[in-house]
Amino acid sequence: MPLLTAHDVGIERGDRRLLTGVSLSINSGELWQLVGANGVGKTSLLRALSGLARLGVSGEVQRHGSLLYLGHASALKLSLTASENLRYHPACDVEACAEQIAAALAEVSLSGLEDRPVGTLSAGQKRRVALARLMLSPASLWLLDEPFTALDAAGCEWLERRMREHIAANGAAVFTSHQPSRFGALQRDLDLKHHVA
Amino acid sequence: MPLLTAHDVGIERGDRRLLTGVSLSINSGELWQLVGANGVGKTSLLRALSGLARLGVSGEVQRHGSLLYLGHASALKLSLTASENLRYHPACDVEACAEQIAAALAEVSLSGLEDRPVGTLSAGQKRRVALARLMLSPASLWLLDEPFTALDAAGCEWLERRMREHIAANGAAVFTSHQPSRFGALQRDLDLKHHVA
Amino acid sequence: MSHDVPSVSLIAAFAGQFARHAKALINSPADVANPLLFFFMVVTLFPLGLGPDPERLSSMAPGILWVVALLASLMVSGKLFASDFEDGSLEQLMLSPYPLAILALAEVAAHWFATGALLALIAPVFGVMLGLPSEGLLVLTLSLLLGSVCLTLIGALGSALTVSIRRGGLLLSLLIIPLNVPVLIFGTTAVYEAVVGGNWVSWLALLGGLALGSLALLPIAIGAALRVSVDT
Amino acid sequence: MSHDVPSVSLIAAFAGQFARHAKALINSPADVANPLLFFFMVVTLFPLGLGPDPERLSSMAPGILWVVALLASLMVSGKLFASDFEDGSLEQLMLSPYPLAILALAEVAAHWFATGALLALIAPVFGVMLGLPSEGLLVLTLSLLLGSVCLTLIGALGSALTVSIRRGGLLLSLLIIPLNVPVLIFGTTAVYEAVVGGNWVSWLALLGGLALGSLALLPIAIGAALRVSVDT
Amino acid sequence: MWTIIHKMGSPPWFFRFSGALVRWLLPLTIALLCVGAFWGLLIAPPDFRQGNSYRIIYIHVPAAVVALAGYYVMAFAGAVSLIWRIKMADVTMRAAAPVGAALTAIALFTGAIWGKPTWGAWWVWDARITSMLLLFFLYLGVVALFEAYENKTAAARACAVLSLIGTVNIPIIYKSVDWWYSLHQPASIKFMGESAIDSSMLYPLLLMIAAFYCLFVVAVLLNMRAEVLWRHRESGWIQQLVERA
C-alpha cells in the first residue's frame, strides 16, 4: 500500500488557481523532488499533501502512516535550548530520553551547543537543530520543504546520507530544493510546470 | 582609496571569541566571498563590517562611501505591497519614482505581483523583492548575507549577472554563500577557518 | 490525520505539552514576575488618577482589581499562540496524532498556572494596598482563581482566532472583552458581597459554573480556530 | 556611518519615513478604528466593575479616562519597533545616512497621529458616556492631545529598550509606567480643575512643557536605545 | 428538509429564489414603513408625560428588537456553515453581521437622543442599554474578524466559531448585566419599565416592528445577492444571466 496517494489535486490561493491535476502515489522506498520555479506552488502542494492546507485544495489526498513535515518555519523556540526544543516537540513521538537527543544532536554536529538558547545559534546551526528531528521521529513519510537551505557542504552531505538511509529502510520522502539534483537515479522528479493552471 | 578596510578585526559573541586577526581591504571592482562552515562567524563578520555590530568587535573598520546591507531578515513589511516596500525603504536613497520601482520589479520577474501584499508571496518571491533593492540603491559597496537562498535557477542567474554588472561598474561586494563558487577568477575568497580564535 | 496508533498515551501527550510550555514560560524568574509587576503597577495608577481618598478607593477596590486582572489577562493570554504560529510549532501540533483540543488545553493550562493562578494568590497584597476590607481578601483570591480560568480560555480563543492576522492585536480585545463581561460581573459581585457580609457563595458558584462550561466548550472551539489559522 | 552627502534632504527623509509608517499603520479603516474601539471597550469595563451609579462615575471620569488612555498607549506604542526589529527594517534604518533620532521621530509621529491624536479627539464621547460634566470635555481633549505626545514618546523609548528581548512585553510596562506618572497626574488634574472651575490652564501649560521636553530629549534616547538593541 | 437545505446551498437556485422574494418583500417593507411611520408620528396621541419626544420609540424599539433577533440569525447560519459546510450559510452570516450592527447602532443612537430630554443625560449605564452596547461589540467583532482575514473561506470558518461562542454567551451576558444592575441600584427613574402602553401607541409600534423585520430580511438578501454575484462572477450561470438581461 502506498504511504500517500493524491488524486487529481488542484490548489487555489487567494482566488487564483495555482495547480491542477496533480496525481501521485508515493510508495515506501521512493524519493520525490518537487521541481519548479519560484512561486509555482511547491510549498503549497507540500502543505496540501501533509493535510495542513485544506481550504482551496480540491481532489483527494490519502495518507497511510505517520508523517513528518519540516517547513520553512522550523518550529524552534528561540528561548529554549536545542535539547529542550527536541525534548518537547510534539512531532517527536518517542519518549525521547536524554541520550537519544544527545546522539541526534551529535549527529548534526552540534555537540557542545546543546544547552545554549537556540536564539543564539547561527542560521545553519538552527537548521541543524530542526533536522535533528529526522533522527528522532519514527515517521515513515518525510515532507521536507527546502531542507538544504542554510547548510554548509558538510551539512548537505549529512542530510543526503540521512535521506538515503531513510529510503533504504523502506521510508519515503518528498522534498523541494532549488539546488541541482543530488540523488541521481534514486530520486523521481515531479515538475510542477506541467500542472500550472 | 579602498571602499572598506578592516584591520585586525576580532569578534566576540556571548563571552566566546569567534574570530581574530581578520584584515582586509576592499577596493572597487572587487568581489569577496566569505567562506566557512556553519557557525564559523560569517554573518557576525559581515555585521561588523557594516557597522551594525560594534559591541564585541575589536580592531578597526573604516568605510568610505555608502553601503547596502542585505541580511537574513529582509526588511519587508508583510502587509505592504512590493512597490510600497521599495518606495519607502530608507536604504533606497533615490527619490524612487514609480517607474524605477516598476522597472526594478520587472527585473526580478515580479511584474504583475507589484500590488499584492508581500505576505502572500512565496519564499523566493519575497527574496526577489528584497533583491530588487540592488536595482535602486546607489551604494557602491554591497554586503550580502546568503543572497542566493530561496532563489530558483533563473533567479540565481539573474543575481549573478547583476553582481557582475555592479563589479564592472566599479562597485564592490562581499557576500556569503554555501553554494559552490559562481564567479570563477573574478571572486576572491576569505576563508574564515584561518581566523578561528 | 495519521492512522497509526499514537505511541504515547493521550495523558502523556498532554503532560508533555504542558511541561514544554511551562518550561518555556518559566525560563527565567523575570517571566513569572512580569505579569505580577504589571498588575502591581497598573493598580498603583488608580490612586494616582482617582485621588488618594482611602474610603473611596476601598469601596472601588474589587472593581479596580478585577478590571486590572482582566486587562492583564488580555495582554498576556491574547498572545498565547502568537509565537507558536510564527515559528511553525502550530503546524507541528496540528500534524501530531493527538486531538488538537487536548494539546491546546495543555498549553492554556500551563499558561494559567504561570499567570492566572499566581496572580490570584498574590492579589490579596494588592487588595490590602487599596484598602479592601479583610473580609474580602479570601473571596478575592477564590474569585480570581476561578475567574482566571475563564479569562485565560477566552483569551486563548481570541488568540487562536486572530493569530494569523497581521496587526490582529487590537482586534483581539474587541473579540474578547464582551465575552469576559459575565466573568467580571460575577467576580466583582462576589467580592462586594463578601465585603458587605452578603451571600458571596452563590456568586462564586456561578463563576465556577462558568469555568466548568468554558473548560468543556472552549478547547474545542480553540482547536477549530487554530486549524483555520494555520490554513490561510 | 557612510560619508557621502545624502542625496535626499533631512526633511524629505523624515517625510518619507513618516509616510511609510502612516501607510503601514493605516492600511485599512479597521486599523484606525481598532485603537478607538479598544479605548471604548476598556472604558466600558469600568462601570461594569464599579457599578452604574452616575454620580460616582462622573466624579471618577477624568481619572478613568486618563488611566485607560495610558493603558491604551502602553499596549500600542509599546510595540512600536517590534515588527521593525523582527523583519530587519531597523538594521536598514541604522545604515541609512540620516540621524537615527530623526527617523525614529518620524515613526513616532506617524504613530501618534494614528492613535494618540485620534483618541484625544474622540475622548469627549467617552467622557459623555461616563457623565463627565461638559465643562471638562474640551480640557480632556486638550490634555490628552498634549499628554499623548509624551505617552507615545515614552512608549517608544520603552519599545526601543526592550525590542531585542524575548518576552519583553511586560518588562516594558515596568519601564514605562513610572515615567508616565507625571503625565497622568498633570492630565487628570487639569480635567478635574476644569470641572470644578479652577485654574486648569497652568496644568495644561505644565503638560505642554513636558511634551516639549520629551520632543527635545527622547528622540535621541530612542536612537541610542535602538542602536544597542540592534547590536545584540 | 434536507433537499431544501441543499437547494438553499445552490447559488443559482438561491439567486432566482431570493430575486422573487425581494420583489415581493421590498414593496411590502416600504408600505409597512410608510403606514407605521405615518401612524406613529402623526396620528398616535402624544404621551402625557413625555409629549412628542416619545415618538422616537417607533424607530428605537423596532431597531433594538430586530438587532437582537439578528444575532441569532447570524449565529445559526454560522452553526450551519460549520457543521454542514454549506456555502450559502457563510454568505448569510456574512451578510447579516453588518445589518445587525447597523440596527444596533441605530438603537443606541436613537436611545441616546431620547435620553437627553427624558433623563437629562445622553447616556446612562442602565442594564438594557449596557447589554445593547455589548451586543454592538459582539457584532463588530464578527464584522472586523471577517474583514481581517484575506482568505474569505477561512474568514467564514473563524466567524462561525466566534458567533457560536457568542450565542452561548448572549444569554449569560444579558442575565449577568441584569443582576449587576439590579444589585447596584434600584433605579431612581424607571427607565424602560413595563409601563402599560396604550393600544393607540402600541399598534403602530407593532407595525414598525414588523416593518423592521422585513427590512432586515430584505437588506440581508440584497447583501447576499451581491456577495453571490461577486463570488461567482466568472461562472456560467452568471454569464447567462447577464446575457439575458
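Labels for the chains are A, B, C, D and E, by order of writing; each one numbers its residues from 1.
Convention: contacts are C-beta pairs under 8 Å (C-beta built on N, C-alpha and C of every residue); 3 or more make two chains touch, one makes a residue touch a chain.
Since the model is a prediction, treat every value here as computed from it, not as a measurement.
K.L.:
Go through the assembly and pull out the chains touching subunit A as well as subunit D.
P.N.:
Per touch definition, common to subunit A and subunit D: B, C, E.
K.L.:
So which chain is farthest from subunit A, going by the mean of the CA atoms in each chain?
P.N.:
E
K.L.:
Across the interfaces D-E and B-C, which one involves more C-beta pairs in contact?
P.N.:
Comparing D-E with B-C, the pair joined by more C-beta contacts is D-E.
K.L.:
Superimpose the Cα trace of subunit A on the Cα trace of subunit B, which carries the same sequence, then give the rotation angle to the nearest 5°.
P.N.:
Resulting rotation angle: about 180 degrees.
K.L.:
Averaged over CA atoms, how far is the centre of subunit C from the centre of subunit E? Could you give it in whole Å?
P.N.:
Here the centre of subunit E sits 32 Å away from the centre of subunit C.
K.L.:
Provide the C-alpha centroid distance between subunit B and subunit D, rounded to the nearest whole angstrom.
P.N.:
Result: the chain centres lie 36 Å from each other.
K.L.:
Between subunit A and subunit E, tell me the centre distance in angstrom, where each centre is the average of that chain's C-alpha atoms.
P.N.:
Chain centres of subunit A and subunit E, defined by C-alpha means, are spaced 49 Å apart.
K.L.:
Give, as an integer number of Å, the spacing between the C-alpha centres of subunit E and subunit B.
P.N.:
Distance between chain centres: 56 Å.
K.L.:
Using the touch rule from the top of the page, what residues of subunit E touch 2 or more other chains?
P.N.:
134, 137, 140, 144, 148, 150-151, 154, 157, 177, 180
K.L.:
So which stretches of subunit D touch two or more other chains?
P.N.:
27, 30, 34, 37, 41, 44, 48, 51, 167
K.L.:
Which subunit B residues reach two or more other chains?
P.N.:
72, 78-79, 120
K.L.:
For the complex, which residues does subunit D have touching subunit B?
P.N.:
Going through subunit D, the ones touching subunit B are 1-4, 6-8, 12-13, 16-17, 19-20, 23-24, 27, 83, 86-89, 91-98, 103, 228, 230-232.
K.L.:
Write out the stretch or stretches of subunit B touching subunit D in their complex.
P.N.:
50-55, 63-69, 71-80, 84, 87-91, 93-95, 138-139
K.L.:
So in the complex, the part of subunit D that touches subunit C is made up of which residues?
P.N.:
Those in contact with subunit C are residues 27, 30-31, 34-35, 37-38, 41-42, 44-46, 48-51, 60, 62-64, 66-67, 70-71, 75-76, 79, 167, 169-171, 173-174, 177-178, 181, 184-185, 188.
K.L.:
In the complex formed with subunit E, which residues of subunit C make contact?
P.N.:
Counting only subunit C, the residues touching subunit E are 157, 161-162, 164-165, 168, 171, 174-175, 177-179, 181-182, 185-186, 189, 210, 213, 217-218, 221, 224-225, 228-229, 231-232.
K.L.:
Can you tell me which positions in subunit A touch subunit B when the two form their complex?
P.N.:
13-14, 36-39, 43, 72, 120-125, 128, 146, 149-156, 178-179
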